[in-house]
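Below are two complexes that have chain A in common, paired first with chain B and then with chain C.
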Partner chain A sequence: MNVMTNLVAFDVTRIRDDFPILKQTIRGKPLVFLDSAASAQKPRVVIDAMVQAMETQYANVHRGLYWMSERTTEAYEAARDATAALMNANNRSEIVFTGNSTGAINLLAHSYGRGVLRPGQAVVISGMEHHSNIVPWQMLRDAHGIELRVAPVTDAGELDMDAFAALLEDGKVGLVAITHMSNVLGTITPAERIVKIAHAHGAKVMFDGSQAIVHRKIDVQALDCDFYVWTGHKLYGPTGIGVMWGRKELLERMPPFMGGGDMISSVSYEKSTWAAVPHKFEAGTPAILEGIGLKAAIDYVQTIGYGAMAAHEASLTEHALARLAGVDGVRVLGQAQDRGGVISFTLDKAHSHDVATLLDRQGIAVRAGHHCAEPLMRRFDLDSTARASFGVYTTHAEIDALVDGLVRVREFFQ
Partner chain B sequence: MTDPFVQPEEPTAAAAIAAISEDLSLFDDWMERYEFIIGMGRKLPPFPDEWSNDAHRVPGCQSRVWMEAILRDGKLYFAGQSDAAIVSGLVALLMRVYSGRPPAEILATDPVFLKDLGLLEALSTNRGNGIAAMARKVREVAMLQAG
Partner chain C sequence: MSPSDSFDDLRDLYQEVILDHGRKPRHAIRLEEFDATAKGDNPMCGDRVQVWVKFADDGIGRVGFEARGCAISVASADLMAETVQGRTKTDTRALFAAFRDMARTGTCQACDPSLAEPIERLAPLSGVHEYPSRVKCATLPWHALIAALDGAKEASSE
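Entry: the complex of A and B
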């Protein structure tokens, strides 16, 4: 099986040259970074874009009438255009910038949850959500009388679609908020089917695309969903900037979440009026440099192309699953039909913390723990797993290094 | 029941740190170092099952660590355990330094030795590592006793 020969246009060696950090050695060994699902490394173009902005054209945005501020505003707002194009949003004003996915989901839970949903209605999440797509809805439940329903996950690590549909039967569900790709199992959820079922029962749909957008081309119009959130730092961009896309008519119905500068139309002590969307959701000085960095990251992935990235990652995932299957005592969590480059596993003789520590000694960075998904861990009767996740710069040789490392760890605990 | 609290091997915390440093210096291979650390964990007095609960849990992210403390004749004794082997070993090293010492001596002994000995990358920042949290907890308990 030599999948790489099919990927003529995709040269991972050249890609790796774009990421300065990957040239580092850790404890004298080349860095094998397999924790991109937590946060991805940054290409030179992102670093340069942010540094250049600070060195040549930095001022606050949306305010100054002078040349420098206008230039900065233009560069920052270009990120909104790039984001709209990336997701195939209908309109640039449907792109709301937040701090991260967590910020986006909290915005939605506050604004849509308290402003549009009515007490007695329900929100459906799934059994494979990140804490950031659980806790804001719990807070909404407790503060606003919203029922929280959880669609179960099958043993294979897929969404139980029959059970999901059953949760919507009574017509009480106002919003479905579900991951588009599990950060633990790598499972890609059947977004189109979820939307069809939800819409048929009068519910809106939000996808947490924090992982999915790294691995798949996201077209919000084709998905026909209502909200889609993700974060810049997993897509090779900077930390501190996230995205909430929402249908314009829904965003317009939603009250602001945070008050302050930049989100108003006019302010008096008696009454303030709000700016138009998306600005009414963007109080305060935004993450200007991060927006500029995000634009560079989006341009970067668009240049490589989702087709090439997805093919590379599919090949890596297939290789990793095949090789891990050959290591005694390794159990991979979930066998979803449709999955991306995130693999959680356990080793029979060692705690995942020990696995991660001993792999680290070999220069291999994996995540160990509950991955901010404690309910999902409990679903599989586990406290923690080790997780390897892949990015555009991951190589087949790095996966081989992981497997060799695991064999050493297992020998260690014999 | 065997005493679950760790008895000190060395007369002072400083002597314990020196002894650990000497032990570790015998190994130039990190695998051997970890084998030694894991061995230390296995030699910890058995931690009572009834203490392996949330009330005894040291908040940490990646592995579970439990501990208990008792004051005997003006000295604090600690018991502890983790479900991860390496962390259990680090718990044992921590106890070897801090268990059976007067609160003042505990407070005077900076847990930075864990970092100095290459056992931890960072003490204060890594919420994922239960051992850093345990080192903090040990100090908290000592501070409470020291009044």
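Entry: the complex of A and C
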């Protein structure tokens, strides 16, 4: 595996001090939190930003003509600027806030799927999608006569690029909607190549960046993709706020998804007209405090820097893979060349639920189950795996604790 | 780990009885001759179980099962099969209600004294009450069994 050398000063002890929850003990043992891919813990600056907004200036946004509403609107809209800068979006109005990635993909499946795609066209997903990037497209298929095609995954857990390209050859594909990083395998998909192939065949591309945004610097202009979605709570921000970035000319062609307040230009009983993007897609009072929290989270990761975060996680992943390879009976799912800090595995002597419960007894939190990716589990002939995933605050010692814990679990089940 | 590792911290839920029945279930067989069968499915975690029942007189003659799941669900299915054999259907339903109560709360305070003996045999599973997400692992085979007694093909999820 190609692991970057960590040249950037990265003080994980200092980073851990930023996360109040990491001082907790679980069952009398120090918390070893290895489930950041499900949802990351929150730094003090995120918690404080949300509390401070509630304590000093909270009011609804985009309508009040008084001081508090104006301050809160500024703070909330600053989240849009920060998000646009984070992703190198061309224009702040290309940032649409949603509830989460699922909300963003459903918005896209509705608005772009029904408003722009035509019956008979196809959508391509991959064999390693989260359910949130499968089900909305199935619903579109059934409601709108769109064909759903699935690009297969190799035994190594990578996207089969030849098969992917073959799926686009007939020119019927209107949209490729694919993960940028698997939440099960940790595989990072070759985004630039996907875009080149898709565009050459006249298809637009959406990436589900829910995992990738945590591990890699995302530059939507460099990727040259058309839509990119992610969720705040995995990037050390609060729950309840997600992002859909889209090219402005595409967003303008799309009809609204939900109707209501904040998304209109004018309303009469005969006819309503829509606000400009992004507000056309943001009906109702938005997640104001969550937006303010997201801004703080983005500022936090920008201060650490993606280079330092990626190097730290690459070092953790390399360490974890090496140590897990030394445990009898452990099988790691997927051996992608390009991967992030998410590792799924099985243990020969114990079911993944037993593994997770017995690790929890030792203060170690991992995820177990199908990880909302049942078709991928079936691809590897499994019902479930255990999964360890890493964040900025994860330490090499925590990975050692996981490995020691697994050795104990296996001995316990002998 | 040294052989002296006591595993005390792991034993409260995974008692020896559970490890033993989870590893070497005695009743994990598909019955060739049966009167009723039903499946149980826990979509949250992917556990699956099918139960076959052969009746004898008015009661349960024999129970066999196939399970794909954790040690808790396999052990629970095996202990269930062992415990309900020879009981009437009415008794079995009452035992299920008592067992479910124990799995959720850790005890079975309202249990009929006549159920004391079988509940004692199932008691090693009572530790699941501390793990709300695991309670279903223990009760899933029972749901399948009751569905089979009801003449249903699949257990309805809780």
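Assume the second predicted complex is superposed on the first by the 406 of 414 C-alpha atoms of A that agree within 3 Å, B and C clash if a C-alpha of one lies under 4 Å from a C-alpha of the other, contacts with A are read in each partner's own complex, and residues count from 1 in each chain.
By definition in this document, a residue touches a chain if its C-beta (ideal position, glycine included) is under 8 Å from a C-beta of that chain, and two chains touch if they have at least 3 such contacts.
It should be emphasised that the depicted structure is a prediction, and the values quoted were computed from it without experimental measurement.
When the two complexes are overlaid on chain A, chain B and chain C occupy overlapping space and clash. By the document's definition of touching, both partners, chain B and chain C, reach A:361. In the superposition on chain A, A:407 makes contact with chain C only, while chain B stays out of contact range. Shared-chain residue A:376: touches no atom of chain B or chain C. By the touch criterion defined above, A:351 reaches both chain B and chain C. Once chain A of one complex is fitted onto chain A of the other, the partner contacts of A:87 are absent, as it touches neither chain B nor chain C. Once the two complexes are laid over each other on the shared chain, residue contacts for A:388 go to neither chain B nor chain C.
Contact with neither chain B nor chain C is seen for A:122 once the two complexes are overlaid on the shared chain. More residues of chain A are touched by C (comparison of chain B with chain C).
Comparing which residues of chain A touch chain B with which touch chain C, the overlap comprises 350-354, 357-358, 361, 368-370, 383-384, 408, 412-413.
Contacts from chain B toward chain A in the complex involve residues 30-31, 34-35, 61-64, 82-87, 128. Residue ranges on chain C touching chain A, taken from their complex, read 1, 5, 7, 9-10, 12-14, 19, 23, 44-48, 68-72, 131, 134, 137. Interface residues of chain A, counted against chain B in their complex, comprise 350-354, 356-358, 361, 368-370, 383-384, 408, 412-413.
Residue ranges on chain A touching chain C, taken from their complex, read 27, 350-354, 357-358, 361-362, 368-370, 374, 377, 383-384, 404, 407-409, 411-413.
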